[in-house]
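Each structure below is given as structure tokens.
You will see two complexes here that share chain A, one where it goes with chain B and one where it goes with chain C.
Moving on, here comes the complex of A and B:
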């Protein structure tokens, strides 16, 4: 097993592209180290990206936010600007594991672990976040929902590394929110989750909306029909009922140790409704 | 030794105070040594190969490739642990559980083990062992296992305790029955009858510290074992018997213990580690991973229980009946029997009958878990009692007070009670401010009672007085809940010296006579009795030495407040001699001063508790939140009240986890789906409210200070108290534990007519 700690993205991509055998990227390690200690994987190469210039920073640019791949979720919670613009994303990041885990874990790691139950992913999908990917052929940008393709699998090609998550500048009267269901209060994994991102017009009518559900299908679901249930309306009871119904219907869950199909369907609707209510209030809707 | 263990009232100086525990600083600074913290030069890493099948015949095990791997020093299978149990079926079961012989009986059953120079080599070696299994049909559910169509785990088992010996083997090893009176007649007198069936899923003790040991067998046949255990003397007996050693040649030293709760009363990995060390000729360290702890070490029973209780309009119970089916894992146990004994122990009943069935299933061997079997029985009975009170229209506390057992009541399991605490705990609960606190929307309150026998047992203790007047107390009961502090208080109390002058340690098996395990809530009860006895023996010697120093008859010397005092006016000029002064002179007056004690601590007083809790249920998701929790329990005498409260809180916390989320989940393939703390959900800190406690002290007549065991009773009422609270909050009776959100939501939807 080889451990390297490159200082530049070019070097990292080069080393990764040139490696033989299995390789793993190490940022916070909160998934990787657990899997290694459990004996599930034994990578030939571990590439630590924490020393790469700029990767541990949250930058506010003219276009919006650039969150480096090595930024810990705890650091996201300390960014007043990010929290002000994207409270739903920050609350999702701050739900992962425990306080101690949040000091290490990253949203890019969360995305690349490709778990359908990843906490930050539905919030990122709802936000329309994009992943900036560096690879042997240069850089490219994709919507975050294009990264996980199945549980544990991503669309990243050999040698590719996600460098940052990009968030657009917010129009006025926007708000987002994320909720997950766990049987405990913390240190747990989502049984169902919902992220909602809304922009309102001056009258408080929903102008645009994105609704994403987690842990109810092999990958996070972006439910367009749920967004349609909200767009063009104030958040009245009928709209919320319709939202809940559409979300329950969109689920393709399984029965497993964490919950039943019926439970996930029902609670997906409940959480979407509650998250939409919070997002609406954050956008200034009354 | 004329030790009188009877209770005598006295005013305490040390007992009842709350000093800092002697093991505290090391534990909070990380210096304390737990099972995995022992190391020896040249030690090897032991690893166990476990069956991936729930039920399979082992046709052949080929270890040759593993043995050839460089760095592997020993590979063992059951042939390296030959059967030396000589017809002792309980020991044979322990042996077979440590290393499967003919069949793998559950997912995780050990089938082979290796010792290698490092963990990586050991892991690789496991992959090179070839096991030829013939997979058999399996059964993991307790009710399914009782069906005629169920696969039979052991074809030599014919149900015991039934009138006609069965002609066919089955998974029911034994039927037991308890009770008195005539329940048929009793139900005839009832105006109201509640009849319900309940299920509880299997839970694990959930100790934070995995099983860990270092075994070192010397070529001369002697051996050392450092291990995390609740009973090193019992581990010594069992390991020595299974390995064909003389007990005295195996020295077992217990480490600090990161939780046991009954699960560390049983050997799992230790005989394997010793067999590996014997074969390799080097010390072997064997530490279980968390998934091994779940898959292969002691969970409690899963149960299925039917309860029927009848009462008159005035609230008097006329008859009570229960049928209890408990899973034992693949080996016979007495788990249902304990359930049958404890189920109705809180009540004064003219007509009561309980029947228990011990059921074999393809799950790990059931081990004791804090008041083993009682919480599930209490869940069923106390749920039905609550429902019956409601039907009669009585307050649930009043209903229980009316039917509570008293001194002189014949218990449902046979014996007649002495002075007991069920009535007082109920009265205290009734008057507790918690009972009157307002409840909000979607919130419900529940209460329930619980009973545990408590145990005494064999105990041996040494008290040595150093020449500087400090006292070392060597005990043989492992400290699982602060007993070193409590026993130091007791020694200080008897000797009349300061707590700080006493240092208690848990001695190894070569330093003391045999001690039973720390189980049955016996640690402080029995070892405090032995400590009192040892201290009184030491005082006798201290008086003799003082008499010698003064040159007066020993009968004229009394011991008061840590001093020898010459009694009578003629000795008016003699200044009292302190323990320190007598100790300093001991070299010239006959040598070291010590007190020894060996006894069987009989008369462990039974213990009762009443719990109250408030729960909020989210009717849209089935999520629960414990808002408030109160424990009222009889301690007899709280030696160190902080640690008594700790026991009360710990039992309640474990009960909350059990009631709401903890469960073994098996797939259709018979494999455990959740062998880790992510999906086996014990409560985290933020899941729990401050657990309020109230200690009652109804002296145990069979202990000099009135002490009763306190460790176990506290886990008996929570399942029922929480089930009653959830049922009240959700408006639907919950009959299946754990009451996880999917179960609660499904029950609410079903009630709504969904």
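Moving on, here comes the complex of A and C:
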């Protein structure tokens, strides 16, 4: 086993592409070290990306936000600018783990761990966030929902590293929200979750919407029909009813000790409805 | 496996050590440096007994590699007292009997120190939330919360 801490993305990609055996990328380590400890993975190479220039920063650019892959969720919570524009993403990121874990965990790690119950992912999918990927062939950008392909699996090719999460600049009258259900009040894994992102016109009519559900399918679901239930309407009772019904219907959940299929379906509709209501209010809708 | 050479700062002292690439900072502190304040409860970031402060962030040292500490600043429970003078949190934990078996105590002390550094006047709710990453199976938490409140009052007056 080797541990390396490259200083540039080029070096990191080169080392990763040229490695033989199992390689693991280390940012916060809150998933990786637990998997190593449990004997689920024994990497030949641990590539720590935290010393790479710019990866530990949240940058506000002309296009929006660039959240480096090594930015901890705690740091996201301290960014007033990010919280102001994307409160739903920040509240999702802040739900991951304890304060100790918050100081280390990252949204890119959350995405690449590819758990269907990852808290930050539905919020990112709803936001239309993109992942900036560096690889041996150069850089590419994909929607975040294209990264996880199944529980624990991603679409990243050998040598590829997610460098940052990109968020677009917000049009006026936009709001997002994330909610999850857990059987306790804090620090648990989502049984069901929902992220909603809305933009309204001047009359408070929903102009664009994205609705994502977590923990109810092998990967986070982007439910386009749910967005259609909201677009072109104010958030009236009929629209909310339709949203809840569509979301419940879109679920393909498992039955386990944390929730039955029936329960997860029902709660997905309830959470989507509540998240939409919060997102609507945040967008200035009345 | 070749060792990784690390140069870091622990409680204000420059420290150098060699560790294995997969060795946690908790194991380095305890087994290589003799700093046995941080405890291993779960080893998976759930219990907070191994809490330390790394570059002003509260973290579980079981979820940090020893190799990652290069060039960084570590604070452990061993750095809280000044000689024979206990830190106000330590003093108040004693006065309030905020510990029984004591395994979780170093983690609670460090987490409470981090909490008060960022929020010198926390409400009870903020204390409970702030210490939610630390588990105690003896006290029922109430005495710990009282001790932290009392220490906050003392530290504000100082």
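Here are some notes:
Operating definition for what follows: the second predicted complex is superposed on the first by the 286 of 286 C-alpha atoms of A that agree within 3 Å, B and C clash if a C-alpha of one lies under 4 Å from a C-alpha of the other, contacts with A are read in each partner's own complex, and residues count from 1 in each chain.
The rule is simple: contacts are C-beta pairs under 8 Å (C-beta built on N, C-alpha and C of every residue); 3 or more make two chains touch, one makes a residue touch a chain.
Not measured: the values here are computed from a predicted model.
Shared-chain residue A:234: touches no atom of chain B or chain C. By the document's definition of touching, of the two partners only chain B reaches A:267; chain C does not. When the two complexes are overlaid on their common chain A, residue A:39 makes contact with chain B while staying clear of chain C. When both complexes are overlaid on chain A, the residue A:245 reaches neither chain B nor chain C. Contacts of A:257 after superposition: chain B is touched, whereas chain C is not reached. Residue contacts after overlaying the shared chain place A:103 against chain C, while chain B stays out of touching range. When the two complexes are overlaid on their common chain A, residue A:83 makes contact with neither chain B nor chain C.
Touch criterion met: A:181 reaches chain B, while chain C stays clear of it. Residues 38, 186-187 of chain A lie in contact with chain B in one complex and with chain C in the other. Residues 1-2, 4, 20-22, 24, 43-45, 48, 51, 54, 57-60, 62-65, 67-68, 70, 111, 114, 129-130, 132-134 of chain C are the ones that touch chain A when the two sit in their complex. Of all residues in chain A, only 1-3, 5, 26, 28-30, 33-34, 36-38, 46, 48, 50, 72, 74, 97-101, 103-104, 186-187 touch chain C in the complex they form.
Residues 123, 289, 291, 620-623, 660-661, 665, 673-674, 678-679, 681, 683-684, 686-687, 740-742, 745-746, 749 of chain B touch chain A in their complex.
Across the interface of their complex, chain B is touched by residues 38-39, 181, 183-189, 191, 256-260, 262-263, 266-267, 270-271 of chain A.
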